[in-house]
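Both complexes below contain chain A, partnered by chain B and then by chain C.
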Partner chain A sequence: MTLMTRPRTRPSARQTLKQRSVWTYWREYLAISPFFILFAVFGLFPLVYALYLSTVSWDGLGKMTPVGFDQFIRLFTSGEFQSALSNTVVIFLTAQVPVVVAALGAAALLSSRRLAAKGLYQTLFFLPQVTSIVAVAIVFQSLFSNEYGIINSGLQAVGLDKVPWLSTEWGTRLVVSIMIFWRSFGYFVVIFLSGMSSIPPSLYEAARLDGAGSLRIFRSITIPMIWPTILFVAVTGTISGFQIFTEPQVLTNGLGGPNDSVVTMMFLQVRYMGGTTQTVPTDLGFATAIGWGIFAVLILLAAINARVMGKRRKEAS
Partner chain B sequence: MKRFQSLVLGAALLATSALAGCGSNNTAATSQDTTLTVWARGNSVPNDVETILAKKFPEWTIKFQNIPDVEDKLRAALRSKSGLPDVVIMGGSLPSFFQVSDQFLDLSAEAKASDATAASLKAGVTLDGKQMALPTDIGPWGLFYRADAFEALGYPSDPEQVAAKLDSWEAYSKLAEAAAASGKHACDTAAQVYQARLAQKGYAYVQLKDGKEVNIADSPISRDAFLYAGKLAKDKTCANVKPYTPEWNAATTQENLIAFVGPAWEDGILKKAAEKQSGAWRVATVPGGPVATAGSFVTGLAASKFPDAARQLAAYMGGSEFQKAGYLDKGLFPSSKGVFADPEAAKPVPFYNGQDTLGMLAKSATDAPSVYQGSNSTVVSTQFFVAMTDIANTGADPATVYQDLLKTTASK
Partner chain C sequence: MKQGRLAWLKHLVLLPLAGLFAFPFYWLLVMSTGRTSDIFGSPPRLIPGTEFFANLGRLLESVNFLQAFANSAVVSISATLLTVAVAALSGFVFATFRFPGRNWLFGILLATMTLPTGVMLVPTLQIYVDLGWINTYLPLLVPGAASAFGIFWMRQAARESVQYEVIEAARVDGASFLRVFWHVGLPALRPAIAGFTVFQFMWNWNEYLWPLLVLNDSNLYTLPVALQQLNGSYGTSDYPVVMVATLLATIPLIVLFLLFRRQVMSSVNSGAVKG
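The block that comes next holds the complex of A and B.
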């Protein structure tokens, strides 16, 4: 009997509670709704639309042609994405990895209390970040151009041969890497400096009293103390490093360098989106499929990063 | 009750006037509330474009927007069907918009009244014969050269004599080789030579057959031109510097570049890079005959609330008065024959030692064959352009490169 009566009373109570919880908290729902509305409009809808776009072939103006999974098959079989991924990895390893290591070293030097004119150094290092990328590209073209470049003129002046910087695959990649190094260095220095500024000076003083040298202090105090900053730089640096686009695009005037040697994943996507230098017919469907490819690579990298860094953090602690 | 009646009456009046407003929008070209938006790249219109338009159409409000990537913005606006301008000036990728010609105004009547060259007007006609755009500037090509350097090589310096001496591409090759032997260059990049030879034959990889585009990337015209220019590239006869790059400027400033074939708009970069060589440069006809390529076009959008006004504005921007201002301000070569005859424009140019370059290039613009640009002509052209640059850098065999290129371009 008890079992018979309970179901009759409790659902109605639950219902009332449900109705109450929905309608009584409308103000709270309203307060948090802007985020969800914005997320739906600018996050969810583009994602769903991108999923749909990757199943069609479309030049962005005419009629869409449904192609099923052909764009993804093309992504894996045409070789274009694989080549772009390989270019991205090479540029990442020769630019993003060295710049993070160099910035860490420079930040350690700049955080030294004995160094004078720190502000000047920080400003000088950060200056490339706020310089117009187009101006930077013109300067780099003038420096590294094969026939009339300043560097080649200098080499010839001292009796050396000209270096084909911008007409060989390795040369163009190297120049792009130097551009990225030069532009990102100041940004990473500032990030590391902010991490180092939060280390209590008493730790350094204690270490010195115990007879620790500069290298030992750096390894045993600075690195463990700024580990969250290093993790942040590693994750954001990897993501931005794998989204390299502007430097190769402006340096090669949108053409991608000899044998498309600096066509990175993002560069390839923009190329199929119908960029100003049209080297391929516009296909927004394939561009979207490339976008999904980039997304998958970044997810994989973020997972590897988190695993490696998490392991090291445990070891350090 | 009286209050209710007056409310109903007021609402009815409001609705009627609103509906009347909707209906009369299309014909309100001369009313004071006519507001038109114009999109264009800043460098494809005269300096004081807003003042010029406001002076010409004082009864309208014309908003000018400088948009560097105007074609991309227009594509996005056409996709979303919102935020469209009334009138737009765009560049050479006009043929890619032909497939949505229904979203543009038909400017056939304006074209009939236009005094633009026949070839440039034809470039704005869609496959089904609709005049979708009017030319605002064009690119007749010339052989730009330094008179003193030509004399040093034993060539004449007078433009007419130079044109007579260099009347074929074979003669041009001999000049380029002689210049290279003396440590100078008579062509900037072989890719420009290749492009000039194609345009000279009215060729752009596509032809019309029964009203449809047919890919003719594999053609004797393209092959001959590619092998000819490829030899110049492979032998390093040209300077291997692309226009609009710091290298090109350096080659010109350092007096290593003594001649090149290029469109009229390269006069702007030449005058800047060769500022100290003023008076030494001349312009002659391109070897092998006149060449002209498309420049910019003005078109009106069908979605405009004021289509008649948009048509009038487009016609004015494609007309002689506006083009003359563009030529005098920025050297935008006019398509209007009226400007060719205008004494204010057709006058001796000190940089070219008093030569009337407008008159010389106008002849090329008038006599050059029209080039049919297909929707993918630009894409294929860029691929050939890149390949030619690669030959210059790597010394690859032009015939092999050409065959490899056909594998990707003959199907586009």
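The block that comes next holds the complex of A and C.
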């Protein structure tokens, strides 16, 4: 620490050590400048631009029509954003929450030091994470195909009825959720495993000597000890979970599924940009208003997360 | 003895689970090596067939798949190198140099990570239009070149592994700014750079939303966009062709992951990587 805070000692002809002009640090500033320049241009400036774009109606080609607050009124009253928000929440609740719980359980099973083939399990579970979502969506489209899908063939083989997966609202939502589950499970398992590996074994031994069973140990030692990891997963998982786009878009060939059942917030935004199969007239003004809606939802989630985490930290101390 | 029985019970749960997770990969292999009639048959064919090269031939005849493959390789490699280079240099400077406003600037950088600016698609796309960047790879290279997350990661790694005595010694010897980075920073950061590079490459290879929005010329398509288009146009008529393409698009990352498994896993382990 002391070494780090010591000022640069290279002598320079122009200045003494005490009074160095800010400009003599130009190399340092130059080295860190790319981030700040790019963030200003592609992060902050779009926000300002978005204020303006949300007050117009524009198909991207012709003339912009100023419409005042109409796009925001439309955002709140047309019901499209609300239904996209609720689709997003449903997919989040049926995918992200179960996958975290299941991964926690699997990590507990894998955490014992002597388990055979532990690395092999980890690798197998992690493999879906490195495959492209587009590829995953194409494979799942075929697995769950109503007529010729292997899942329905399997159901029929054991005497059950076919399930119209991709032609019903809940079927399509469920397939999207299963895809997310399949793809992110291994990532969470690896994260939880690393959290568990930092728990001192002596804690477990002491508990076992006191006669605690496996479940009791899991509840009273493992969970509290990896609580920071669980919170980290909750925060990052929520933020990415609310931006789901590729899975439903590719699975439904850009159409959004029966009754738009898997049109998430990001999907709706892209749809009004004309960036996916054309089902609505392009309106970049409305798409921008949707962008603001998503922005607000994510800020709200971040605030809730910060509050919950702050509370937990206080309880812990 | 009790331990042994417990282990068996664990495998009893884990083994079917692993099978379930491997199945979609297996099924992709089955479908890309069979005929259309195998897939739509009843009962469907359950084991890999021998039609892989025939399917591959039809794929190469019908669409410019190799072009998309090459595009993806070029874009992913350049984007990754750029991001990693900027992150390593900036992270190293934040960690080991002292300059006015350093902590303040780093605080801003951290704060931007919580700001979901990435969800503003229209104004960003409009900026690309105004810059004349549509149908170029610039939107896939430039905005992502400086990653707050990557700089944060490299700074952490530099704080842990760079020895300040070495830097001081190098400076006393009159080594220039970039020489210090090259000869002290890069070697110390090597493990972190390896992990970040693999991750960044995976993200770039799989990136879908922006290529979909900025590339309209099919000669410029990257793999995910080309795959989606292929699925749209051949999905109902020639399924094995779509599956061969999907398999080929998946293999490079699986190979990369298996080669660098340890770096990837330990990067996730350091809790640094987003989902």
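The working rule: the second predicted complex is superposed on the first by the 266 of 317 C-alpha atoms of A that agree within 3 Å, B and C clash if a C-alpha of one lies under 4 Å from a C-alpha of the other, contacts with A are read in each partner's own complex, and residues count from 1 in each chain.
Just so we're on the same page, a contact is a pair of C-beta atoms (placed from the backbone, for glycine too) under 8 Å apart; a residue touches a chain by one contact, two chains touch by 3 or more.
Note that the structure is a prediction, hence the values are computed from the model and not measured.
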Judging by the criteria at the top, classify the pair chain B and chain C on chain A as clash or fit. clash
Tell me the contact category for A:Ala31 with respect to chain B and chain C: first, second, both or neither. second
Would you sort A:Leu255 into first (chain B), second (chain C), both or neither based on which partner it touches? first
When both partners are placed on the shared chain, which of chain B and chain C touches more of chain A: C
After lining up the shared chain so the two structures overlap, which partner does A:Ile73 touch, if you call chain B first and chain C second: first, second, both or neither? neither
Of the partners chain B and chain C, which touch A:Thr279 in the superposed model: first, second, both, neither? first
Scan A:Gly62 for contacts with chain B and chain C and give back first, second, both or neither. first
In the overlaid three-chain picture, which partner chain does A:Ile304 touch, first (chain B) or second (chain C), both, or neither? neither
If we overlay the two complexes on their shared chain A, which of chain B and chain C does A:Ala206 touch? Say first, second, both or neither. neither
If we overlay the two complexes on their shared chain A, which of chain B and chain C does A:Ile138 touch? Say first, second, both or neither. both
With the two structures laid over each other on chain A, which partner does A:Phe185 touch: chain B (first), chain C (second), both, or neither? second
Chain B stretch colliding with chain C in the overlay (listed: 4-12, 238-246 or 292-300) is 238-246
Share the list of chain A residues that count as touching for chain B in one structure and for chain C in the other. 138, 141-142, 148, 253, 276
Parts of chain C lying in touch with chain A, wherever the complex brings them together: 3, 7, 10-11, 13-14, 17-18, 21-22, 24-25, 27-28, 31, 39-40, 42-44, 86, 89-90, 93-94, 96-100, 102, 105, 108-109, 112, 114-117, 119-127, 142-143, 145-148, 151, 164-165, 168, 171-172, 174, 177, 202, 205-206, 208-209, 212-213, 223-224, 227-228, 231-232, 235, 239, 242-243, 246, 249-250, 253-254, 256-258, 261, 264-265, 268-271, 274-275
Considering only the defined contacts, which chain A positions touch chain B in the complex? 59-62, 138, 141-142, 145-149, 164, 167-168, 253, 255, 258-259, 274, 276-282
List the residues on chain A that touch chain C in their complex, please. 3-10, 22, 25, 27-29, 31-32, 34-39, 41-47, 49-50, 53, 106, 109-110, 112, 114-117, 120-128, 130-136, 138-143, 148, 150, 153, 157, 182, 184-188, 190-191, 193-195, 229, 232-233, 236-237, 239-240, 243, 245-246, 250, 253-254, 266, 269-270, 273, 275-276, 284, 287-288, 291, 294-295, 298-299, 302
Chain A touches which residues of chain B in the complex? 69, 71-72, 75, 78-79, 93, 96-97, 99-100, 239-242, 245-247, 250-251, 254, 256, 376, 378-379, 382-383, 386, 389-390, 392-394, 412
